[in-house]
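What follows is a set of structures to go through.
Each of the two complexes below includes chain A, the first together with chain B, the second together with chain C.
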Partner chain A sequence: MKQDTATPQAPMLLHLRANLPIVISFACIILLLLLGSLYSENFLSPDYLIQQLKVASFLGVIATGMMLIILMGQIDLSVPWLLTTGAMMASAATAFGPAGEFLAVPFGVFCGFAMGMVSGVGVAYLRIPAMIVTLAMNVIAQGLMVAYTGGFSPSDTASSGMRYLATGNLIGGVPNAILVWIGIGALAVFVLNRTTFGRAVYAIGNRESAAFLSGAATQRLMMFGFGISGALAAFGGVLLAGYAGKAAQSMGDAYLLPSIAAVVLGGTSILGGRGNYLGTVAGVILVTLLQSILSVMQIAEFGRQIIYGLVIVTMLLLYGRERALR
Partner chain B sequence: MADGQALLRMEGISKRYGGVHALEDAHLDVHAGRVHAILGENGAGKSTLIKVMSGVVAPDQGRMYLDGREVSFANPAAANRAGIVCIFQELSLIPDLSVADNIIASNPPTRFGLIDRRAQRRLAEEALVKAGGEDIHPRARVGDLPLSRQQIVEIAKALARKPRLLILDEATSALTAADVTRVMAVLKRLRSDGMALLYISHRMHEIAELADECTVFRNGRNVESYEQGAKTDNEVVEMMIGREYRHAFPPKPPRPAEETPPALAVRNLSWTDKLSDISLEVRPGEVVGLGGLDGQGQRDLLLALFGVLRGVTGEIAIDGRPMAIDSPRQAKSADVGMALIPEDRKTEGLMLPMSVLHNLSFAALGRHARFGIIDRQAEATSVDEMIRLLAIRSNGTSIPVSALSGGNQQKVVIAKWLMLSPRIILLNDPTRGIDVGTKQEIYQLLRKLSGEGAAIILYSTDYDELIGCCDRVLVMYDGTIKTELAGDEITEHALISSALNIAPQAGAATGEAGHAPVSAASGSVA
Partner chain C sequence: MKEWRFFAAEQRATLLALVLFLVMFIIYVSNHPAGFTPNVVQTASNKGVILAFVAMAQTLVVLTAGIDLSVGMIFILCNCVGSYVLGGTMASALGGAGLVLLTGLGCGMVNGLIVIFGRLQPIVTTIATGAIFFGLALWLRPFPGTVPDFNGDLADLFTGKLFGVVPASLVFLLAVVLVVWVPLSRSVIGRAIYAVGSSDMAAYMSGMPVKLARFTAFAVGGLLAGFGGLFLTFFTYSGEASLANGDNYTLFSIAAVVLGGVSLYGGRGSAIGAIFGALAFRTIGDLLFVFDFDPLWQPLFQGLVLALAVTFGAARLFRIRNRLEMFS
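Moving on, here comes the complex of A and B:
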């Protein structure tokens, strides 16, 4: 009966309510910055802020793929090792002469895409829960990479192109990594808002059966979603390898929870169908700042992890309650 | 026996849902040792009556007496304690648990706070014996049993609660004729043990065999109670129809000539055991109704045509060309030009949290996009056009579609398909739960679309609608088309008697092979 008594709400109000998580996220970012500045004036210096944005941009690239998957009502747990796969494969390609050097980045990204597509087939066509498929894919990628590095000693040095993408400065003092994130972010905003693919992503996340009965190619789209997520995780790995100068086995471990947390803190519904990219931007910056501040405060590692986990749960609780009230 | 005090007596029971009277001043007496059958059309108030009786909903008004003492049940558990147990249409068993676990699910015997497995098994065995399921092992997994055995387990589960009044709501609708015979035997034995049974079924021959007394409901009111056998089938059907308010339907134009080639032709379509050997043709400009009781395969037929179901056999021809439709995506393609207005707009028709605009344009999004990029201008223009055409009342197009009223939501579902200008339109009970005004607008729209050359298949649970809207009606029974009614033959009487698969006139007792043992009694109640 509730929906029969159509309550005409002002669109503005709806807007604000839908964007509340984004507003909260940005408010928290400012709060964190102020809190940090109590410890050290450096916190509000342009250098520090640029540095934080640069670190955030790696997570930003990865979280973009995660957001796509979460919008479809799925989850991608294969991020850590697809990221590592991207980094290692790109580094490995570097060893094959100038052509390898040139194709290093696309090859690394392609490896992530291909493995993501395999997960996508499992989820979309074989109907295996995404949690299982992507977890399995994570382990498979890990096995492949261990096998690859175990037999002989491959090149693990990032190509100069990778280093340039991650650490160079094309425009003045703006690191290229930030430009890369801006580029990918702009593309994501365009795809989500202006293309049939983006519209279908929201539709699938909201009600897959309705999208299917409307004639959307739900299975194919979902498969590609996982492909894109894999590609972006691998691209994040390529950038990280460029940043660190080399690929390493455990480099992806620290990115699973932050990528999910950034998306959800930014107001994307963990159940799918609702969310906006600006929120993910806010979430990524928030998570990065939180990590940075906890380390600046010189809290011991265990304490940092506990606080980090508590903050994320608390914020999700806030949003969850807000949703339940509707 | 009926002269003694009633085990359960209901007086003046009323229940409203919103503006709809589900029950109005209903009364009923149920006696121990008798089977009382309840008859009525879909939506006559039978389910609400049972829900009141078994504590699922509280009545707005009225009194209930058990053994002459006034009672009221706060919840189903309270009704259970008083000895009233209901077996619902859908099985309530947990497939992954054992038979014994299911039977004693709600109140297992315990020792020291743990479930006493041995006592549980003994109780389950006793209940199974009473329910006629001696051959079912208490430790078998319920999911491994065939459907008919599961129904026996369901009955055993009810009996384990030691009922004095057992309610069976369409409990036999999933069973084959042979299983029905076994269940009947069990029920007769329970009756002779002194239990009161309330039996709800659309199967007239089962009622004829089992019931001692019948009550007919219509629009939430009692029509009449009578001793079984006192009325002919035709009289019962008359009572179920009544003379009711009719909706205003647009006039029907002359039907298209027989020789017009069909837009949709189906030959020998079958799907698992739900649909068998269905053949039909729909010509452009024609509105063909699907009739019959709820759940006789009408929904599956529409889904099969739309390419949703896997493993459909038979031939489908569109404009004379054979076509294998294997997905909704293909069904809506220009080659086929089909649209399906699904049954449940909330889960199948709409993405509720998304905006009116995005919902409206979703099916036809490809038409407003180049290389996958949406032309938002074109999208907004055609959405506005649809909103005008169907007079959708919405406060702008950016609000979530869930904020619209039910009728307007349904219009959005229809409009999103009309944007594709489909040539074949399948509608699955499109007016369910919407207001009369919107209903009439939808009727007008259907006539307009058929006038423009669309071929329409309309499934409706509302007989008035089939009579008022359709040029022909195909009545389905048990997954196949039993009767075709055309023009003036489409009367409420004909619809109901063919839906119940009884022949008002002689000579239609053929083709009942699937329901052999008991159906011999059908049509011979008088």
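Moving on, here comes the complex of A and C:
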């Protein structure tokens, strides 16, 4: 009899523990909004919230790829220049007449995918630490783009399709960028939870040798994981170029650390194998909102950086701690 | 004989980095229009030494199987502090130099304390603390600048030439290696740093000072990044809170560490290898200059060399007897 009462409780506690980061993140989002509303009523207006979600959706797309990589226990430092590559190549394709304009988005995404796959070969087959492979890929992508543009910002502007994706409104009042993020997010949830690929991603993150012995083609999956991450980074770049109207050289710099921070704040373990996409959604919104509120409050850049760092450390101390060595 | 072979096996990666650097440097000076003159060597060493300090800082943390992504920001913060305190008389400027180093040490200690007692992963901790350090640097120097009475004599003493031949920066680097790295790596704590990097569990079970080793790695790493920032101030006479510069030095330090044969999995390599890695990485950039390449191709060339260098890390695959070993 005693056992019967004990068993149903255990999974519930487990759930609570696994979901603690998500709960805390969403609580922090609400807290931020309340604090902001003390400063100005506008923080609770639908217009402001929609605008924030729109800005967050660019980071959301990029963080989805980053989460996939982190779940496998790896890291992708090539986000900044793969993002720029996607934006620049899509803008470049636009210059080639109507066909180019039609293929601009797929071409930009494909470039990111191809470069991500090269990193994937290095990590999965050559067994070089992901940190240096993606670092080298970042420098190579930078080199290619700098050589391509001749050191200046490219004159090509974003295609009308890219602009529509990032700034248009398909359904009244809801920006397309949010719809894009919802679409990619739904796909990510489905893939991570309902496909063998997704389960293998978690398995690889927990212990790759065990996943291999269980029959998962770990090396091939990991290679494709990097390809997908590269494609998503490039797609984020395409959206950003559409949002800004054109591609610029340093557009990706501001996305590497926030994408890692968003994933980790959402409760995904940086060591891999544990994490929930809902947490990443919370992390992305939290990071975007934090940046926005700090800038609206007209806190100087140095103060923003310091508060940003302090918030990340504090939140991780709340729930991101490792087990003690014993 | 046995002793000698053991030493060679242990230092193989360091020796490879040395050879890589020497080959590149010989190609560089033999094609330089001015040739092998003290001035050419002085300029090359000044640029190389700054990265060498930051690479040494990164090495210590990487040896514990961690990574310090804030190392570039500590470097920038120290540069900004230096641009305030390195003025006045020789004595006060020297005191200021001490303050700069203390700043670096303090930053490293903060990293270490959070990683050890907060039990957070080094990579995320240093991303966050890096933002804090950069914020502080930006607070000190919203715009590039320096103190009006900057002590240029002291700066020139460290970046000039000894006896008109030897670059003073290289001598100073050697002194830091002898005073900081050699005693540390031979002490109990130094051995514990290597042990923690190989397997923290085994090190803990063997009763090694695991926490102290981690803390020392971060703290001394911060101190060495402080040396880098101090040197940058000596070199430029000013301080600038440049985000791009900080990020670049973090990335370059990882590249230098890899070229220098330090394993990113921890427990293998030495700061001396990282120094040669840093000097080699700097020479790559200079090589393009002497061969009259379009500077536009420099980032691509650097990336390709880095990619080629890390591909040699894949040589490990040839020694694998069982496919499962691959996953470790």
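Here, the second predicted complex is superposed on the first by the 307 of 326 C-alpha atoms of A that agree within 3 Å, B and C clash if a C-alpha of one lies under 4 Å from a C-alpha of the other, contacts with A are read in each partner's own complex, and residues count from 1 in each chain.
FYI, a contact is a pair of C-beta atoms (placed from the backbone, for glycine too) under 8 Å apart; a residue touches a chain by one contact, two chains touch by 3 or more.
These numbers come from a predicted model, not from an experiment.
Trainee: For A:Ile171, using the defined touch cut-off, is the partner it touches chain B, chain C, both, or neither? Pick first, second, both or neither.
Mentor: A:Ile171 sits against neither chain B nor chain C.
Trainee: Go through the superposed model and pick first if A:Thr195 touches only chain B, second if only chain C, both, or neither.
Mentor: Touch partner of A:Thr195: chain B, not chain C.
Trainee: After lining up the shared chain so the two structures overlap, which partner does A:Ser214 touch, if you call chain B first and chain C second: first, second, both or neither?
Mentor: Touch status of A:Ser214: first partner only.
Trainee: Have a look at where A:Phe302 lands relative to chain B and chain C in the superposition and call it first, second, both or neither.
Mentor: Second partner only.
Trainee: For A:Gln142, using the defined touch cut-off, is the partner it touches chain B, chain C, both, or neither? Pick first, second, both or neither.
Mentor: Second partner only.
Trainee: Touch check for A:Gly273: first (chain B), second (chain C), both, or neither?
Mentor: first
Trainee: State whether A:Ala99 touches chain B only (first), chain C only (second), both chains, or neither.
Mentor: neither
Trainee: Of chain B and chain C, which one touches more residues of chain A?
Mentor: C
Trainee: For A:Val313, select first, second, both or neither according to whether it touches chain B, chain C, the two together, or no partner.
Mentor: Once the two structures are laid over each other on A, A:Val313 reaches chain C alone.
Trainee: Touch check for A:Asn206: first (chain B), second (chain C), both, or neither?
Mentor: first
Trainee: I'd like to check the shared interface: which positions of chain A are touched by both chain B and chain C across the two complexes?
Mentor: The overlap between the chain B and chain C interfaces on chain A comprises residues 209, 212-213.
Trainee: What part of chain C is in contact with chain A in the complex they form?
Mentor: 67, 114, 118-121, 123-125, 127-132, 134-139, 142, 200-201, 204, 210, 243-244, 247, 251, 254-255, 258, 264-265, 296-304, 306-307, 310-311, 313-314, 316-317, 323-324, 326-328
Trainee: Considering only the defined contacts, which chain A positions touch chain B in the complex?
Mentor: Listed in rising order, the residues of chain A that touch chain B are 1, 3-9, 11, 14, 194-197, 199-200, 202-203, 206-207, 209-217, 273-274.
Trainee: Which residues of chain A touch chain C once you look at their complex with the stated criterion?
Mentor: Touching chain C from chain A are residues 75, 77, 122, 126-129, 131-133, 135-144, 146-147, 150-151, 208-209, 212-213, 218, 250, 253, 257, 260-261, 264, 270-271, 300-310, 312-313, 316-317, 320-326.
Trainee: Within their complex, state which residues of chain B touch chain A.
Mentor: So the residues of chain B in touch with chain A come to 17-18, 306, 308, 327-329, 331-332, 340, 342, 347-354, 358, 362-363, 365-366, 369, 372-374, 376, 395-396, 398-400, 402-406, 408-409, 416.
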